[in-house]
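In order of appearance the chains are A, B, C and D, and numbering begins at 1 in each one.
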Amino acid sequence: MDTRFFVTWMEEITAAVRAARDHLTRLDAAIGDADHGTNLDRGFSAVAEALAARPPATPGGALVLAGSTLIRKVGGASGPLYGTAFREAGKTLGETPEVSTAELAAALEAGLAGVRRLGGAEEGDKTMVDALAPAVRALARAVHEGGTAGEALDAAAAAAEDGAKATIPLQARKGRASYLGPRSIGHEDPGAASTALILDALRTVGSR
Amino acid sequence: MKKLINDVGSVVADTLRGVAAAHPSLRVDVENRIIFRRDAPRPGKVGLVSGGGSGHEPLHGGYVGYGMLDAACPGEIFTSPVPDQIATATTGVDGGAGVLHIVKNYTGDVLNFEMAAELSGDEGVEVARVLVDDDVAVRDSLYTAGRRGTGATLFVEKIAGALAESGAPLAEVARVGREVNDRSRSFGVALTPCTTPAAGTPTFELGDAEIELGIGIHGEPGRTRAAHREAREIVRLAMDAIDDDLPLSGETLVMVNGMGGTPLMELYIVFAEVAAYLEEKGATAVRSLVGDYVTSLDMQGFSVTTCALTGELTRLWDAPVETPALRWGR
Amino acid sequence: MKKLINDVGSVVADTLRGVAAAHPSLRVDVENRIIFRRDAPRPGKVGLVSGGGSGHEPLHGGYVGYGMLDAACPGEIFTSPVPDQIATATTGVDGGAGVLHIVKNYTGDVLNFEMAAELSGDEGVEVARVLVDDDVAVRDSLYTAGRRGTGATLFVEKIAGALAESGAPLAEVARVGREVNDRSRSFGVALTPCTTPAAGTPTFELGDAEIELGIGIHGEPGRTRAAHREAREIVRLAMDAIDDDLPLSGETLVMVNGMGGTPLMELYIVFAEVAAYLEEKGATAVRSLVGDYVTSLDMQGFSVTTCALTGELTRLWDAPVETPALRWGR
Amino acid sequence: MDTRFFVTWMEEITAAVRAARDHLTRLDAAIGDADHGTNLDRGFSAVAEALAARPPATPGGALVLAGSTLIRKVGGASGPLYGTAFREAGKTLGETPEVSTAELAAALEAGLAGVRRLGGAEEGDKTMVDALAPAVRALARAVHEGGTAGEALDAAAAAAEDGAKATIPLQARKGRASYLGPRSIGHEDPGAASTALILDALRTVGSR
């Protein structure tokens, strides 16, 4: 996976977030403050612009630029969290021009660690971690089992999607939804849903 | 959705243009979205910076001025500002004595202010922080993101601002800010949801005989839904929640705050009941505010915030302040 | 209908109890429904009395205090006060220099204040009157009850109040009040109707894409219904109506007033457009107010009021004032 | 018609206004400010109380007390107008203990004159005058034609009722409804409607 791959991934996320904007905002309206779709739409539009204006030289550079842009443009909880995830992932990739599935798995693991460190959420707290953590695990397992890149990205996307849906019955313990206590049960976490979307975009780009 | 806006995308920028046109005592950086005191930075004075999502007006821009904030950073609607913006405000108000960040306890606000503090630290600005978490509707436990910051933010900004104006050092200003927060409690009630321009539909549905108890200031549903009832009884529910958490007594600063769509008449009716409740508990509302101070767009409802005063806090509360939304003594 | 009230019948009394509890600088006669300045009557000072229906808060009680009104008489919701009440207020604030009645031009207000003036005259109090009729939506002709008094009431109260505070005689205070009214114009727009507690249902129906142009402050429909549109265009309609009636130019005092349910954010967006419009006409908003000053319960919408300033009017506007809703210089 | 008659008339109005309160308020909501029913309900309740607390000695005394009470308790446009109407009517009756139909007609004529003087409204302006003026004329005509008291009061009530309905197609030129310009057309004037009610109460008491 080369720089172009990562840039295309970001563009794919931008398009997917734009299409899902109102859906994500509605999820956030139910247990949060109705801005998650607008937040990510604003953020990833800026990411696409930044990547076009300052084309990165490496995969890592692409992710770091995406992450910094999210931090600069999004605000809210998801801005610093996603921004840090992409930055940490990008920094892990260093200067390498071509990324293996194993390296990608390590990078996403670093991204997850960044989210955990910053937000302090565990799996089961009904946050983006509930989608990201199983995706990172699935990716690592696929690498370990020696599947193709396509299979690995499929597995990661499916795990993220399952993880997002699995947040529905949970009571939130982090973020705004936690204020609702038991009333947060029965709704999908918007951040977990957008994480699933991000990994779905990765699968899409991988399958081309 | 009917709103007096030009475009969903330009709401915050258009608001800032209006603030700039209306208040010559402020300097508004529309591009970076910062509302400065015109005379900032003031050499030797601790700078005060606050900020948060838009949609809570007059919070925070309405509290920029003499004796209160040096700068406010409005984010998108209900979305915390971004680190660069906060850092620019922070370096912009540093008069050499350091800067206090007044941050409402929400994951987004906390993270973005933290990042901004790091950036400002890199530029050599000393930054301290007061975290406001006064809302008793949310338990502060391992199972929540902690209490929300709501009405007490204004108390912290006013009182810390007065101390900063007197030339006190950063540690002292932060200390008094934390003390105000520790002595303050809030509880909110909604009669209707609000509608963000971007979502276009109300953030929740509420029947014609229902109210939400324990709401925050971001249009989220409350802790519980209840049947609508007399103002007197609603006030009792709110005040009981506050009193259970920090027993009311003595000289108290009280704010009855409208959520944006509540007629002032109703806020006075609520205040009458709040004052009566306090008296029952042996407390007295010696200082008070009644009006729209920390809002949620067009939501109908109110919040009550109390602060157990000390001699020092009363003196600082009474000190002159000159901002668009709070002004006395000048 | 969901309102923060105890009982439809006690709304005004409960509001007055709240006002009394919140503002120690006022003396509230709940039984007679009069809000007095605590230090009224002031010997030798012309007394200022205003009043009108309730539901317009902070008008009028919020403008009682140093440099503005000596007493306010709230009637039932949207119903003018009664003669006895006004007469009691009038004799109660007479410091020997006579009393000015500031009356909004509505049949009910005019008749009741007239009767009160007669009663007060019988008691030996000299009474003069300023009739406020600033609303350009209504033509002043044989075919109407004349223009309505709306936003300019506050300008008249502030400026005449400042002159009275300086010790000017009744005729002078009345003269400046009339001058303010002559130089002021208003226009109002509603996005939603309001609901009076007694009626329990909205005063009119308005579609999701409709607005009412040329509304008054009593929940009545406007002169015309129009399609909802950008704030910029709505402001243009309002400002054109004002400018057609009295061409805008020079130094202007401007109020963008919320009708009670409008988020402050939207009022700032409106103000930005108003300021831009003025500039286009070669006028400048040298003094301004943005907020809820003359409301219609929970109505969403706004009104704009302009006043062509003179040196004297600007000086009097800037003079110190200390009331619950308007305060500076003290 | 003795003092008792006039007191009963006021009580009858009180009951009728109470029953029609929401209807009058709705009429006022359409072209005014939605308070006419509450205004008159408050006013006539106070009238009933005042008459009970200070029983009048003469018909004129009953009407003057009713009028003064309305002025003291109602506010708005209708308070001074109705108050003056009853006061002027009562003053015209002087100290007489028994009122003839002709005297009643003269009294109501004086009441109408009071309303006209104070409010400046002509017939056709879409106000209470549009119900009161034809009622006064009908009463005078009946007296002139020598009918019974019952017939005279019937005629007055019918004329008031017709006058009220006839306000529907009019454009208002006085009071709040005039602010609406042509939009006031198509609605019955609330004050004209309450005047019809007052004269209907008179007929009811007369027919007992």
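Note that a residue touches a chain if its C-beta (ideal position, glycine included) is under 8 Å from a C-beta of that chain, and two chains touch if they have at least 3 such contacts.
Going by UniProt, the chains are A, D = Dihydroxyacetone kinase subunit DhaL; B, C = Dihydroxyacetone kinase subunit DhaK.
Every value quoted in this text rests on a predicted model; they were computed, and no experiment measured them.
The minimum number of touch steps linking chain A to chain D comes to 3. Put simply, the C-alpha centre of chain B and that of chain D have 54 angstrom between them. Chain geometry summary: the mean Cα position of chain A and that of chain B are 32 Å apart.
Chain pairs that touch one another, listed by label: A-B, B-C, C-D. On the chain D side of its complex with chain C, the touching residues are 25-26, 29-35, 37-39, 42, 71-81, 118-119, 171, 173-176, 178-181, 183. On the chain B side of its complex with chain A, the touching residues are 53, 75-84, 106-108, 111-112, 115, 137-138, 142-145, 148, 196, 198-199, 201, 203-204, 216, 218-221, 223. Per the touch definition, chain C reaches chain B in the complex via residues 1-7, 11, 14-22, 54-55, 57-58, 62, 191-192, 208-209, 211, 228, 230-232, 234, 260-273, 275, 285, 288, 290, 292, 295, 297-298, 300, 302, 322, 324, 327-330.
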